[in-house]
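Below, each structure is written out as structure tokens.
Two complexes, one shared chain (subunit A), two partners (subunit B, subunit C).
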Partner chain A sequence: MVDSLKVRLFKEKLFLAGIAVLTVSTVLPLFHIMFSIAANGVPVLIKGGWGFITGTLAPPGGGLGGIGPAIVGTFILTVLASLMGLPVAVLTGIYAAEYPNSLIGRATKTLLMVMMEFPTILVGLFVMDIVVIPMGSYSAIAGALSLAIVMMPYVAVYTDEALRNIPQKYREGAFALGLTRFKVVFRVLIGLARKGIMTGILIGIAKVAGETAPLLFTAGGATRVYFAGLNRPVGAIPLLIYQLVQQPYTNYHEIAWGASLLLMLIFLAIFLPIRLSLKEVKL
Partner chain B sequence: MGKDGYIDTFKYFLLPFCLFVFGLFALMLAVYFSASIPIFKHEGLKIYTTNAWIASENPNKEFYGVLAAIYGSVYTSVLAVLIALPLSISFAVFVIDYAPKRIKEPLIVATDVMAGLPTIIYGIWGAFVLVPLLKKYVMDPLYAHLSFIPLFSFKPVTGYSYLSAGVLLGIMVTPFASAIIREAYRSLPFMYREAIYSLGATRYEATKILIKQIKPAIVAGLLLAFGRAIGETVAVSLVIGNTFNISPSLFAPGYTISSLIANQFGNAFIYKYMVSALFAAGLSLFFIGLAVNILGILILRRYGHGR
Partner chain C sequence: MILAEKDRKSEEDALEKMTKMRHAIETVDLNIYYGDHHVIKGVNLAIPEKVVFAIMGPSGCGKSTMLRAFNRLLELNESTRIEGDVRVFGKSIFKMNPIEVRRTVGMVFQHPNPFPHMSIYDNVALGLKLNKLVKDRKELDKIVEWALRKAALWDEVENKLHKPASALSGGQQQRLCIARVVAMKPKVILMDEPTSNLDPISTKKIEELIYELKKELTVVIVTHSPAQAARVSDYVAFLYLGRLVEVGSTVDMFENPKEKLTEEYLTGRMG
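Moving on, here comes the complex of A and B:
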């Protein structure tokens, strides 16, 4: 150290001030986003009233109407995606946790983590190729399959970690009772890990409820019809926002702000309780 | 298990589900390859090395080159990582070592919310709020005074540009990179801190030494952040300007691979080769994403910061 103490202490002050400023800059956008969404969205919700939630989309340049079909669509897509994705996800997670040192177990864990980070637009394009083209139409099934693939790795990784975190002695105790591996896992360990697994499921649901890219070429979108069948196109709130933002009409931009506020509230309603009940989450 | 003739029925019950996931991933890769074949046959690797987008009803005249999109993807993601680098490290250090207890937890919750927030929310905010702000306070002044520097040489007409996309992506991926760096920083043995401070180091000097210990985690966090940035679709496509363009200037509009797919796929089926060209673009994203993410995950595992 060649610097005098004075210089070193000055550098320390500068450093502390610097990282404090950068820390604030990291979270500042969140507050700006929340403020912007609320400032633009709340008036729309007040003006649109109940009809904004239940009604169908207004014509360009004429009033607000409602985003009912998108809300119904998001609900249908999320439920369907959960039905398709959760069983596979939980069972795959169990495999990775139960056989952590086998080749397949390790490869599965790696694959799940890769899929977690995988560009979701590629999932959408893939599902379009294997479902939408053969069926000849965008559909709720295709959209849900796309979301199921996006959701799967989150739930599987959470299941895996929840099971790994159970103290070894519970496993030993269960085996010592003479239970089969089926019973050890499904009667004892799953019960102990249920909080972690539920967290994964809820994180997965919160994630896919807000996804847009996987739905672009699969769900197709719907703004006037609530639900016409599983093999017909459906709407989704994120998809609707994406489409409306690109339109030149002011009333469509207003609707997009209102829909964004609703989407943000739905996300926070699922996410915050989980987050606050836990130490950390993986996203 | 599995010795002495014992058959692990449990394993064979679960195995199909694992294999299904592998099969799904393999099928995905196969679909991208087979759907790209027509364009490779049509024009070879020129699809990746040229910048052109000639859609024509006459298939012989059709010609596509997605170089501009690959360039834009890398450019915007590098910008995002450059923004995330100082922010995520500072955030991790501040939250673990220096933040007052009362605001520590709220700060972490805030970044977790940011990491999970639907990306379309960033998109609408980016398009309607961030772009005008950047144009007015960053692009216009820099262009007015420093336009002789190539980085600032493009006249910011709309504000939709590489810079807007890079900044928005930077905001989106910082919490994610920070979570990885934070975990590694937190897990440093407390003894290190005691040892450093006992030598009379200032907090600045101590942090400098500690940060050096978690270099692999920082590299991994930034790689994974890059992977996330390059795969992001809707938020970027709303702020990048969607123009076939290869420009060094931050203020020029461009394309990314994912925004190209999002924008062009809707009308691609009218043409003979466009769908295939877009799948080929997707294939390149597939490999970039795969390489970056596997590398990031391996580094994390190797240095014991594995999740």
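Moving on, here comes the complex of A and C:
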């Protein structure tokens, strides 16, 4: 009984140690991934130099060349997917927020949640069926459409949440000025929710910039041609990595590491500003 | 004879119309429900034009709910149901477009709610611009200044019109909200406990403002403070548990309340 305090303190320490171990084991894989990508990728980038970013793929077994077409492709796909997906997604989010109790509003919300968790390879299959097969070719359009479908639920859900988080007093204040619902939403509420909506948009973009599965059956990939037209196959960094790793050539594996590092840097370049800007979101 | 009767009838109609015209807001058997909850129970009220009319009562008596019915803001909440009628200058608001109602009957809220992402200027200009009530920038500038002067805020913000509204103090924000409403030139302004979140000095400024405003329009103010009702209002209605207990001129009611409930409320024994 005299030792009960000591015992309790010991238990407390044991508990904290347990939490620390679990935390480390959760975070460790992430650091391991980042470390191995950096450790393997940095030498490739140094060796390849500027040419690694601008050039085209080297022949099997012969040097590095560059992953220019994949970078251009990722850029084109992301921009195109944003053009297709963002307007629809933001409007969907607005609808879900403005009519939360209507049948369509509730159905929309549920569908968005399902879409967020939907296996993205099925999106790729779907687009292959409706675009690639009729067109007879992989294409930038098909790839972008897949990515747009993957992107939409994130943006829509963030838009919906951002609008719902606006305190009621601002909605009432806007309506009390005799504004139409359209103007209340588009001239007042969107402005108030802009940070949340922007966060959703950036998360959507970051998400699709790194997607592979929806592109497998749609974008086709390109390693030697930068861009041949929207109806022609196009490259993408994740797709390139996937394709290179399957090859038996060591130089291709090296290129894949370099491409991985670039992909990670692009992802961080989109994601870090989001994290930083999220801190200042307050209403 | 038939003619004469007809004349008399139309004369009566006109008379009736005139008596109605004198009322800025009138409620007829107003009942309001939140789902199954009966909040306002058969209220008949006539609010004369160009006065300050206070609606007082303890928290939860339905004051704010009733006020929100007057500009059809209550309808934003889908679970509410309104029975009876509310007339603004004799016209049923339920036969008007809600937008028209809200332009005639402006509102100032309990929590100051200028749009924090807009400048002071834009907050006042917004309603005018979006409702296309002004021709050009020059006219807009003029009305914005006029409204800010009306709200006794001009001198304090003259040099920072394009700074964000969120930088103002609570009392200034509330006066900005009054300017925002005044700029729309409504005939009635509803105020829902406009000073309950403000310090005494800001409260005094708003109350003086209310006194100025009634020269040109009707102010309906909801308050849980009998002292405030006594200070600012010409007429007062006492609402208790959704029922209208007593209504009359402020002087009469405070000096000589007819109902026991009113007396208890005014003397602080209840509320």
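Please note the rule applied: the second predicted complex is superposed on the first by the 263 of 283 C-alpha atoms of A that agree within 3 Å, B and C clash if a C-alpha of one lies under 4 Å from a C-alpha of the other, contacts with A are read in each partner's own complex, and residues count from 1 in each chain.
Going forward, contacts are C-beta pairs under 8 Å (C-beta built on N, C-alpha and C of every residue); 3 or more make two chains touch, one makes a residue touch a chain.
Quick caveat, the model's predicted, so the values are computed rather than measured.
J.: After lining both complexes up on subunit A, report clash or fit for subunit B versus subunit C.
T.: Subunit B/subunit C on subunit A - fit side by side.
J.: Given the touch rule stated above, what does A:Ser137 touch, subunit B (first), subunit C (second), both, or neither?
T.: neither
J.: Please indicate which partner A:Asn231 is in contact with in the superposed arrangement: first for subunit B, second for subunit C, both, or neither.
T.: Neither: A:Asn231 stays clear of subunit B and subunit C.
J.: Scan A:Thr180 for contacts with subunit B and subunit C and give back first, second, both or neither.
T.: Both partners, subunit B and subunit C.
J.: If you tally the residues of subunit A touched by each partner, is the higher count for subunit B or for subunit C?
T.: Comparing subunit B with subunit C, the partner touching more subunit A residues is B.
J.: Just checking: does A:Asn165 make contact with subunit B only, subunit C only, both, or neither of them? Give me first, second, both or neither.
T.: In the superposition, A:Asn165 contacts neither subunit B nor subunit C.
J.: For A:Val188 in the superposed arrangement: first (subunit B), second (subunit C), both or neither?
T.: The second partner, subunit C, only.
J.: Quick one: minimum Cα-Cα distance, subunit B versus subunit C, in the superposed arrangement, integer Å.
T.: Least C-alpha distance after superposition: 7 Å.
J.: Let me check the overlay on chain A: which residues of subunit A are in contact with subunit B and also with subunit C?
T.: Shared contact residues on subunit A (touching subunit B in one complex, subunit C in the other): 180, 283.
J.: What part of subunit A is in contact with subunit B in the complex they form?
T.: Touching subunit B: residues 8-9, 11-12, 14-16, 18-20, 22-23, 25-27, 29-30, 32-33, 36-37, 40, 87-88, 91-92, 94-96, 98-99, 104, 107-108, 110-115, 117-123, 125-126, 129-130, 149, 152, 156, 180-182, 185, 203, 206-207, 209-213, 216-217, 238, 241-242, 245-246, 253, 256-257, 260, 263-264, 267-268, 271-272, 275-276, 280-283 of subunit A.
J.: For the complex, which residues does subunit C have touching subunit A?
T.: Per the touch definition, subunit C meets subunit A at residues 71, 73, 76, 78, 99-103, 106-107, 109, 111, 113-118, 126-127, 130-131, 177, 180-181, 184.
J.: Applying the document's contact rule, which stretches of subunit B touch subunit A when the two form their complex?
T.: 1, 8-11, 13-15, 17-18, 20-22, 24-25, 27-28, 31-32, 35, 86-88, 90-91, 93-95, 98-99, 107-125, 127-129, 171, 174-176, 178-179, 202-205, 207, 224, 227-228, 230-234, 238, 258, 261-262, 265-266, 278-279, 282, 285-286, 289-290, 293-294, 296-297, 307
J.: In their shared complex, at which residues does subunit A touch subunit C?
T.: Contact set of subunit A toward subunit C: 101, 167, 169-180, 183, 187-188, 191-192, 194, 283.
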